[in-house]
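Same chain, two partners: subunit A is paired with subunit B first, then with subunit C.
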Partner chain A sequence: MVNTTDLDLTNSGVEAPTYRTSVVVTPATSGLADGGGGVALVDRGDHTKLMLRCDAGSAAAAALGVSFGSSRITDSGVVITGLRPDEYWLIGTAESVTGERAGLPADGLRSEVDLTHGRTLIEVSGPKATGMLEKVCGLDFSDAMTPRGAATSASVAKVSCDIVRAGDSYLVACDRSFGQYLMESLADAAREFGLTLGD
Partner chain B sequence: MSTSRLSARSGEVIDRTKTVPFTWNGRSLSGYDGDTIGSALLANNVRIVSRSMKYHRPRSYMSMDYWDPNALLQVGDEPNVRSAHRRLESGMDVSAQNVWPSVDRDIKAANGLVGRFLTAGFYYKTFINPQRLWPLYEKVLATFAPGGKVDLDTPHGYYDKRYAHPDVVVAGGGPAGMAAAISAAEAGASVMLVEHEYGLGGHLRWGDDSDRAIVAEMSQRLIDLGVEVLVDSTVTGRYDDNWISIAQRSHPGVIERLIKARAKILVVAAGLIERPYVFSGNDKPGVMLSGGVRRLVNMYGVRPGSRAVVLTANESGDQAAADLEAAGVSVVELVDARNGGGVTAVEGSPSQVESVTLADGSTREADLLVTAVGWTAPTSLLNMSGDRPSYDASAARFFPSAPPDTVLATGGMVGDGTLDELVGHGTATGQLAAARAAVTAYRLQSTTARALPVDGPEPDWPSDQRAPLAHRQHPELYRSSTHGMVDFSEDVSSKDLVAAAAEGFDSVELLKRFTTATMGPSQGKLETVNTVAVLAEARGETIEQVGTTVWRPPYAPISLGGLAGRIFEPVRRSPMQDWHEAHGATPLVAGAWIRPDHYGDAAEEVRNTRRNVGIIDVSPLGKLDLQGPDVPQLLNLLYTNKWSKLPVGGVRYGIMCAEDGVVLDDGVTGRLSDNRYLMTTTSSGAASVWEWAENWLQTERPSWKVDVTPVTGAYASINVAGPKSRELIGRLAPELDLDPERFKYMQVRTATVAGVDNCVVWRIGFTGELSYEVHVPAGYALHLWLQLMEQGLDLGVAPFGIEAQRIMRLEKGHFIVGQDTDGLTKAPSTGMGALIKMDKEDFVGKPELAWELENSDPDVLKRRPAVVALQTLDPQIVPEEASQLVRGTTTEIIGRITSSRMSPTLGRSICLGQIEQQYADAGNIVTILLTDGRRIEAEVQAHHAHYDPEGERLRG
Partner chain C sequence: MLIVPCPHCGPRNSSDLRYVGESHSRPDPNTATPEQWRDYLYMEDNPADWLKETWYCRSGCRRYFTLERHTGSNEFRNPPIPGNKKGTKA
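After this line comes the complex of A and B, so read on.
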């Protein structure tokens, strides 16, 4: 073995890992937040995002209970959504997602990838949330075209995003590398409505 | 003529309790809240506000609206402000444009003296020769160009953009448009009503009290129904599938914002625009349109003159005469064109009407001539929808023909009638719009996965049952017996048009381009039909036979800022980017990524990495998670080499080709478990390789079971390179077996590194050194980076940037797809022939490569490009990348330098290049033509690698 130095090699010198989301609240964004509350933006980067691929018509797909383009919220608070054909996402706290995953039958479950680290997740809520999204996204957010539970993908502020209308909020997810930009862009778009940052 | 403020009037839009100060050419003046700049200037008896474009003739207001051709002024640093439309604001610094020394005494008016020589095409014809003098001509002529001054230091204002999906967009907030919006909303449609002016009501705004009461009532109804009303906003374009662009100038805090509306139905209720009359002196200050006079008197309480002649052919002229009388202006003659009356000329000083000559030859002393000779239907949005309006001579105007069934026209542009009849047509149009929008909504919902499910069968498409509006008789009045101005913006007279037609420019489209008639700021709104009428007269044909030019978007100008919107461009950042910036990294923009180019001294970063250990953030490296039993088949298809026997823990390098055999991307793929592989791509190719893989899986091999997931952002990537890298990794991953016999070059492991589980550790590298590339779950990436820096302190660890990596990879001879290859570089040219397995059953590009390899024509073979390493004979000269390789002393190009650097390791210049095969043998001396014209020589090398060609360091 090659580990021959004077340093302690038992890893005790290594600090415990610190998890960091992609979103750093900079003066540029916090300066826009007047607490007006028309739009609230919350970084949910610490939520677990588990992606599953299931065969259509399988027991696993049936247990997930959503079709492509829709979502539901489980009793444990996990958002289960069908973002693309055969592709499902479980979004929530680590514990609750683990619980929901454990309850799924194996039949039809093709693959899974934990994308917690790969996706920035921003929760957009408030009475003007739709108005803000209409500034940055070309989708029709009317109740008929994007009802509660709707799930889709679109360009948001020029970034490819997944969008889930979960309850009273929109969950907007993008590749982690765009996260900081997306938060800054959304905060700027929200400023005319009165912006609140964080819970 | 003098203009002045009248006493307070019912219906005026100004608030006389609020005085608004402003300056005009430096002189302090004041107006009232609600004034336009133009009404305030006229109220202060400022009449001459501009000079015409070509002849610099004095000009004053004519139509008192957005299209007034004489009203472009400079306001502060903003040029070309439409002063008859723009509201007056406190402190505005208003001035005339392109006049010297002043608008009242403009020396360039001398152009008018030679006006008969300044016909259409004058500049083109006169200054064509000698061509060498054109730069001088251009400089002088530029001083005559119209328009205001742009201040390049003006701060960028805040512009915005939004999307909207209303069921119905109504363009035009006159009585018919308001009625359409109300009835559509009553039928349950979501409606956006867009009005060009600052207030709703159209012509009712300058009507009587009962007109205004109706406007107030309808406005309240619109509010009650939740209609989104946008005033001071313009529907600027209609595109396919009712994609509607709207320039909104009235959004608080925003200079202008572009609304991209996808309307199910567009209702066009754009009203009518009053047409000027062509006669001698028709652009002289004191000649106004009836609508302009009525706006001025009734909305702004400004008296436009003292003695007026009114030429009327319709109600608007009659009402203007009545309004003038009521305002105390003496109407000395009411000339009724319906009874054969006419006007042939106005006379007076250049800046003032003094008398009017009537058709019978008699004259009347007057300082104001008001004309009401007909209307132009602004059918632009209908033209943009594919409609070709048709001319009705009995009504003397164009009408819509057959717009598509998702575009409905209503109001004055489709016919005439009483107010009740116009409102009735608008109401029926709104109902039809709502009913058709409901069908479109059904279709959208039933074909969109995320939408609410629809109920029942699709409803029938509602047919158009509206009772048409009548076409009221109107005399055709375009040009009098004299000639006058047709295009006031461009200074094009009827004489110019007749002369141009005689020169052969006798189709309306040619005439327009030759004379520039209809191409000025008014964009044909006032002058198109007059242009057509003059041409028809010149050709001895009817207006119908001549036809019109096509109206294209935008209906009204949009600012560049409005088109740009908020200034936001996506930026991708690695989890360590803040650290890089805090430690002096020079940023490198690579696509959307911001990356550390170097930390001050790239050469030292190279030396330290070769000597000790360096770490580089390579997070943008493309990464795809591949799972499923058919992954080996996919790899065999996409890469040129073989993948069936890759063991768990094994890694292979591969090249991907497109169908034409051209190199598409390259990278390594490792097998993490029986069922799971991790593919890496180039940083710039990450998205395209993902699409490439999905394309093959979804369209060509749909039966294969492979799930592809992009994980580029999920893993940050840190390459730990250098002779001490094993020791450093060992400190952070004590449980990972790093024995070089058990964890060899081109192998991969999953491990816990720095306490972070689920890291992927690869023995690969681009630098040619012993190196480990750690793909770490991105949320812990900064932690790992900090730990590497801390734990490697005594090993001499230092970060290195992209530049150092590029030097080291060039030293090692690794090519970069897209830099050392191009869109014509087929796989065999890369020197990687061993990786092209023609004995495989199939791979993308194989047929093309087979054809390529079968070709034995020596003339073809010798000219094929080859990627080779080159060293200049003078080791200190680094030829610029893209320098040409030429044959001997000729200029015949035989290749080019694709990468070049000074190698800190070797102390000499090193290159990669592409060169024709016939010159690619090792030891050949070739000529490089430098960009400064010098020729130097370089020797072709036996290996791509300038450094450690045997790979002993990286395999150690």
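After this line comes the complex of A and C, so read on.
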């Protein structure tokens, strides 16, 4: 078991490697983008993604303030989400995630792993985002089944992905080795709706 | 597509899960004969009837669970019990 109380993400003495995205926009992808704006895809891989494992009912879980299947956005802009029954993710800028982490009690906190460099994160937004996702994922994305704040995991274009409906966007995360493929698959699925790439 | 009722994620396509196999109780490795151990590892009952199975929700909650499926109708029954790994009793 990791002694979480001794971990300091900001000052570990080891310089954090510069994030290198796994998503390279190739002509094959950019050629699909017509700027139509029905679906917008943005590579958010450089967002810090901190995974915490907590005991259910512990002070740490309570402080996170979300249960399995839900998420919230903090005042500092961090998405805190319960992706699996005892697994929570903090997604945001390095500074804001570190700030949220620092405020958590140690009770019940079992492990924490910085997945920033291991996971690709793609932000899907736009008025046709739901329709595009339903082409490549078996989930029901209706408001009744996947309301704002919903967090789940499922196969997206045959890749195991974590999906968070955060605000007006969907955050889709997968192992970085599949990142390029996922971006190209989503771009291809978005083509009929009018695709915009980038910020 | 077979729809599997995951106790955490709800109904999911079976392609989101991995079929682990029939749930058998694990013999004591200290006393089991090689025949008993081979039966445990490799032999399946394969009935045309209700069958207790272990599933792994690989694209969802990443949990193992046990449930019962009728191998003739593919109907599921009994609330699945979370946390069971292959070979443990339900």
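Operating definition for what follows: the second predicted complex is superposed on the first by the 181 of 199 C-alpha atoms of A that agree within 3 Å, B and C clash if a C-alpha of one lies under 4 Å from a C-alpha of the other, contacts with A are read in each partner's own complex, and residues count from 1 in each chain.
In the analysis below, a contact is a pair of C-beta atoms (placed from the backbone, for glycine too) under 8 Å apart; a residue touches a chain by one contact, two chains touch by 3 or more.
Since this is a predicted model, take the numbers as computed values, not measurements.
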item	value
Partner chain(s) touched by A:63 [first = subunit B, second = subunit C, both, neither]	neither
Contacts of A:178 with subunit B and subunit C, given as first, second, both or neither	first
Partner chain in contact with A:25 - subunit B first, subunit C second, else both or neither	neither
Most subunit A residues touched (candidates subunit B, subunit C)	B
First, second, both or neither for A:152, with subunit B first and subunit C second	both
Touching partner for A:138 - first (subunit B), second (subunit C), both, neither	both
Common interface positions of subunit A, toward subunit B and toward subunit C	68, 138, 152
Of all residues in subunit A, those that touch subunit B in their complex	1-5, 7, 9-11, 13-22, 24, 45, 51, 53, 67-70, 110-111, 113, 115-119, 134-135, 137-147, 150-152, 157-159, 175-178, 180-181, 184-185, 188-189, 192
Subunit A-touching residues of subunit B, taken from the complex the two chains share	160-165, 190, 252-254, 260, 262, 441, 444-445, 448-452, 566, 568-575, 578, 592-593, 619-620, 625, 627-628, 675, 705, 707, 709-715, 726-727, 730-732, 734, 738-739, 754-756, 777-784, 787, 790-791, 794
Touching residues on subunit C, where the partner in the complex is subunit A	8-9, 12-13, 15-16, 58-63, 82
Contacting residues of subunit A [partner subunit C, same complex]	68, 84-85, 138, 152-155, 160-161
